[in-house]
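In the two complexes that follow, chain A is the common piece, with chain B as its partner first and chain C second.
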Partner chain A sequence: MSISKLNKFLCYLVLILLSILCLISFYLLIINSTRAHSEIQKGFSFNFGDFFDANLKNVLDNDQLPVLKGIRNSLFVSIGTAILATYFSVLTAFSIHTYDFKFKRLAFTFIMMIMMVPPQVSALGFIRWMGELDLMDSLIPLFLPSIASPIVFYFMLAYMQSNLPKATIEAARMDGSSEFRTFNLIVLPIMKPAIAVQAIFTFVSAWNNYFIPSLIIRSAEKKTLPILIAQLRSADYLKFDMGQVYMLIFLAIIPIIVVYIILSKYIVRGVAVGSVKE
Partner chain B sequence: MGVIVLKNINKVYPGGVVAVTDFNLEIEDKEFMVLVGPSGCGKSTVLRMIAGLEEITSGELYIENELVNEIVPKDRDIAMVFQNYALYPHMTVYKNLSFALSLRKIPKDIIDEKVRETAKILEIEELLNRKPKALSGGQRQRVALGRAMVRDPQAFLLDEPLSNLDAKLRASTRTEITKLHNRLETTFIYVTHDQVEAMTMADRIVVMKDGYIHQVGTPQELYKAPHNMFVAGFIGTPQMNFINTILNKDDSAYYVEIDNTKIYIPEDKFGTILDEYMRKELVLGIRSEDIVMVNDYSDRMDILNGVVDVSEHMGSEVFVYIDYNNKKIIAKFSTDIGTTIKVNDNIQIVFKSQKIHLFDKDSEISLLDMENNKEKVKNN
Partner chain C sequence: MKTSKKSKSISYAKWGYIFLIPFFTIYIIFSLIPLVSTFYNSFFENYMSGLKQIGPNFVGLENYKTILFDTELPKYAYNTLLIWILGFIPQIIVSMVLALWFTSVRLKLKFTGFFKTVIYMPNLIMAAAFSMLFWTLFSDIGPVNNLLVAMGYEPISFFQNINATRGLVGLMNFLMWFGNTTILLMAGVMGIDSSILEAAQIDGASSWKTFWNVTIPSIKPILVYVFLTSLIGGVQMFDVPQILTNGSGGPDRTSMTMIMYLNKHLFSKNYGLAGALSVILFLITAIISFIIYKNLTEKGPKEKIDSNKKISVKGGGK
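Coming up: the complex of A and B.
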């Protein structure tokens, strides 16, 4: 075996091991969602069980567990977050990228500073504020604040700087386009790949978010999926059913996979190729 | 339509960088005006100020007698072609062309008619459904021109539109832009750093350096009577030869001496200004084609004996780099003469005296210009 072949073999070996590591948890999740509570407690198995229908029925029929409402709430919050975070981050990045205005550097530094602060630090203040605004137990505080997403903004700015030449914006100006129209008709389409990437990330993080919803949401019909999963897991000993837990988690990851499949085709570099000759 | 007047225009960037100083220019209707100069001379800044993409620090800009300093680009009714084309990458060629019209709420059938007419003129009809990334450089260039054309603007601004094309395509596109100008009968303002483009396309040329206008004139005027050494050196290839010398006079006439060779200066060309420069330092300028090779070893006083350093065959002509007492002189000969010249040959040359330029050593201004100004002052 030549050295290059050996190299290739080792590379593939490492990659295959890493892939298995990533996929095994999904595999076990799917396996366990088809097994009964008693079977799961006996330990790992790589074979499918016969309890998929029963687990699904148990989850959907559980009175304490408004799963369908939970899915709807989670979708509403996650889609809202993805749209607001990406649109307004591109808008902010556009202003920093394109215009010269007073305190531009200060604004940029301020946004960067916010990026350093973890949400847990400001959570207490946020909750109290929401209380004062009478927005406790509402879905609005779960997606509206994503308008200000410093990390998304920073990603958009970096993408913009390498893919949106100022001449393109100026050409639109000369063509008679207003600034807002230029943004919507020219800038947004050019930013599509970046928007797709960030839409996936923000969607997934909003979908998985447990921390803030657990502090804000009280009533059952407003609960999002992570809260329902936690609720199911912390059920008392007699009702505790691992089959249901796995089934609910299984249901919870389907939308993420769907969103990824829909948006991944947009994640192709070089939409801006051809606009400007380098 | 399309008269553009710039009055005392200044541009200072934040941080105090001065880009354009006291720029005065009147661009006539339907004129092809070329702004030319080395990079960083402020020519693009002037263009961008006319477009409205750059604020004017002070001064007045009139388009069709209307002060437009504060008017946004879209209301100035001028179109611009960018150096890197700046096409909209996500739109087809058709959409790229129709974008400006659809913003103006023009009926769809009229837009369609205009887009197709423009595409026909530029021969890009078969590309209408393609996106920019599927086009070659030359095709993108045409689309960029087309995007400007569909609007029938009062003036076209072109910012180094040929600099991204290869040499052959550049030459053919150059003639096409000239044809387009004749056909459209609109004011063109064209920025380039390439003096060949300026000379071949322009009705008038503005030569700029360091934010100042050095000369405005037709290509012939700039070539024959450059205002100063910068213009003389910038316009024409190869560059004009400059030789430091001192003006003198013997009983017959004025002459300058270059290492014991006397070169007589035609008094009828320069006039009385020569008196003021007696025994003063001057710079003599001579274009390479105004140098003649002589074969007779006659006792002419004005023969320079040099040694051939390098000879470059350009096809129809030959550039000969001559070393004359450590002064470099470039001469341009026709091929039949040029091919006989070999490196390290001794060579005898004379300057055509009527074609000699003289410049003040300090101000670098042409003596001929100073003389003409004196005349003007007298006449006034």
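Coming up: the complex of A and C.
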């Protein structure tokens, strides 16, 4: 009895230490975002300061860093990605799931094959080709490609296989519903839980994406948040107001954490949804 | 009657093709053409020498020879592998232990939902912002050094130190991915037929023996999957070391990864070398993916394949 209690105690201890390890950097971030540059330079403290509003105002008013535009661009790209990736992945999965056609097997195998190809390996061709299409320094190449998201497609297909009986589609056909109408009015609502999970994941990955945007975007007007952070990193650090540095990191990280905490139940379940689904 | 039915089924097949149009159109425009163009560029000499544009001239495999033998690519490949291992080893050990604890019937831990939520969180954080944060925290005048000084130690220049810089990248990779791996492994452990575990216990096998002889073989497909997707993620490692070292891969390019090197060539517009490097990275990824595919189709029961693929939503260990 006492040994099992000791075991349990050790488990909790390790879990608490790991949790602290995960959380401490964000705690330090929040603390320092509330302190003035001079306070931060003086040394570390575990207490909150009262410069949060001032830091926020300073970083939003900073002429060298178009932070408000950055937030707007990031939101635009991320929301666009989430909508396009989920809608068209369900559509693609619907095609493979519902219809019988000659090249179905081939199309499916092809999508599975391209699933693991990382975007970095075609980045060279991507930027040159975007240049030819006159899409350099545009936000379009940052979200439009998500219409073809093999991984989201696969997730949708797996969900569809266990949640969308073919009889449902047959019934809609009997009622005279066109295929496209059936998709929008019957299939999409059934897919809502899967769409919600994938909307979160695709939104977050677009929000965090740095490699491709840094190669496409040139003008200050169109920069997304990760590019602004990289810009801040390469600026002369000592000249910078550290309160603003922490505040910019705060703006890039904390909204995602807040949304995560609200939706964590669905997200953590979504990660392993395949094994839970039956 | 019969003919009308037949024509109807043909018209349904048509919809299958129509609904695939957006995916394939976009894929061809934004992925396939760039990929082919990357391969094509790798056979041409094409760079800026000062203000002078050299090429494009067809040079065959010359770029491949140059990038493999006349650059520091082997060093960067070594860095990438080493930093990946630094993150992966603690990740797989900690995740395995946590997966066993969270699923253990004997331990009956409370608050597992809370702990899972906390350890998964770093996975969703913007890697660029997270590494900027680590850089400010560990900089020469940052909070970590403040604490060291306050405790009476000498301050440490973390980013002048090879092991410290590599270790920090490894630590960040660990923090960002161990929660994800834990959830994957939990799915695997929960999928084990409990009667096998009970049988092992009745036979008097110790927990350690049960773990090695029953649990590990049962979740082997998932373990291999985690290993290989993490390796693919490791090959793609970029955001964290790029921001942490401001693209320099310092100190002395000991934390420069392969994608950082690719990024350098893309920015300096050396399209020939960038192309050759991209093709090499493509081949590495393709080989690893092929092994994953083999592993899953040969040994994995169907549910496991499903859960694995799902999890790849978050990719490997970037």
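Everything below uses one rule, namely that the second predicted complex is superposed on the first by the 216 of 278 C-alpha atoms of A that agree within 3 Å, B and C clash if a C-alpha of one lies under 4 Å from a C-alpha of the other, contacts with A are read in each partner's own complex, and residues count from 1 in each chain.
Simple rule for what comes next: a contact is a pair of C-beta atoms (placed from the backbone, for glycine too) under 8 Å apart; a residue touches a chain by one contact, two chains touch by 3 or more.
Quick caveat: nothing in here was measured; it's all calculated off a predicted structure.
Touch criterion not met for A:S2: it reaches neither chain B nor chain C.
In the superposition on chain A, the chain among chain B and chain C reaching more residues of chain A is C. Of the two partner chains, neither chain B nor chain C is touched by A:N47.
Once the two complexes are overlaid on the shared chain, A:N32 sits against chain C while remaining clear of chain B. Within the superposed three-chain model, A:S95 lies in touch with chain C and out of touch with chain B [touch as defined at top]. Of the two partner chains placed by superposition, only chain B is touched by A:P165; chain C is not. In the superposition on chain A, A:W207 makes contact with chain C only, not with chain B. Contact with chain B, but none with chain C, is seen for A:I186 once the two complexes are overlaid on the shared chain.
Once the two complexes are laid over each other on the shared chain, residue contacts for A:L215 go to chain C alone; chain B is not touched. Under the contact criterion defined above, the residues of chain A that touch both chain B in one complex and chain C in the other are 100, 270-278.
Within the complex formed with chain C, the residues of chain A that make contact are 4, 7-8, 11-12, 14-15, 18-19, 21-23, 25, 28-29, 32, 41, 43-44, 88, 91-92, 94-96, 98-104, 107, 111, 114-129, 141, 144-145, 147-148, 151-155, 158, 179-180, 183, 198, 201, 204, 207-208, 210-211, 215, 225-226, 229-230, 232-234, 237, 242, 245-246, 249, 252-253, 256-257, 260-261, 264-265, 267-268, 270-278. The touching residues of chain B, counted against chain A in their complex, run 14, 51-53, 72-74, 78-80, 82-90, 99-100, 103-104, 131-135, 137, 140, 147, 151, 164.
Partner chain A is touched in their complex by these residues of chain C: 12-20, 22-24, 26-27, 30-31, 33-41, 94, 97-98, 101, 106-107, 109, 113, 115-122, 124-130, 132-137, 139, 141, 143, 146-147, 149-150, 175, 179-180, 183-184, 186-188, 190-191, 232, 235-236, 238-239, 242-243, 246-247, 259, 262-263, 266-267, 271, 274-275, 278-279, 281-282, 285-286, 288-289, 292, 303-304, 306-314. Residue ranges on chain A touching chain B, taken from their complex, read 100, 165, 167-168, 170-178, 181, 185-186, 189-190, 192, 270-278.
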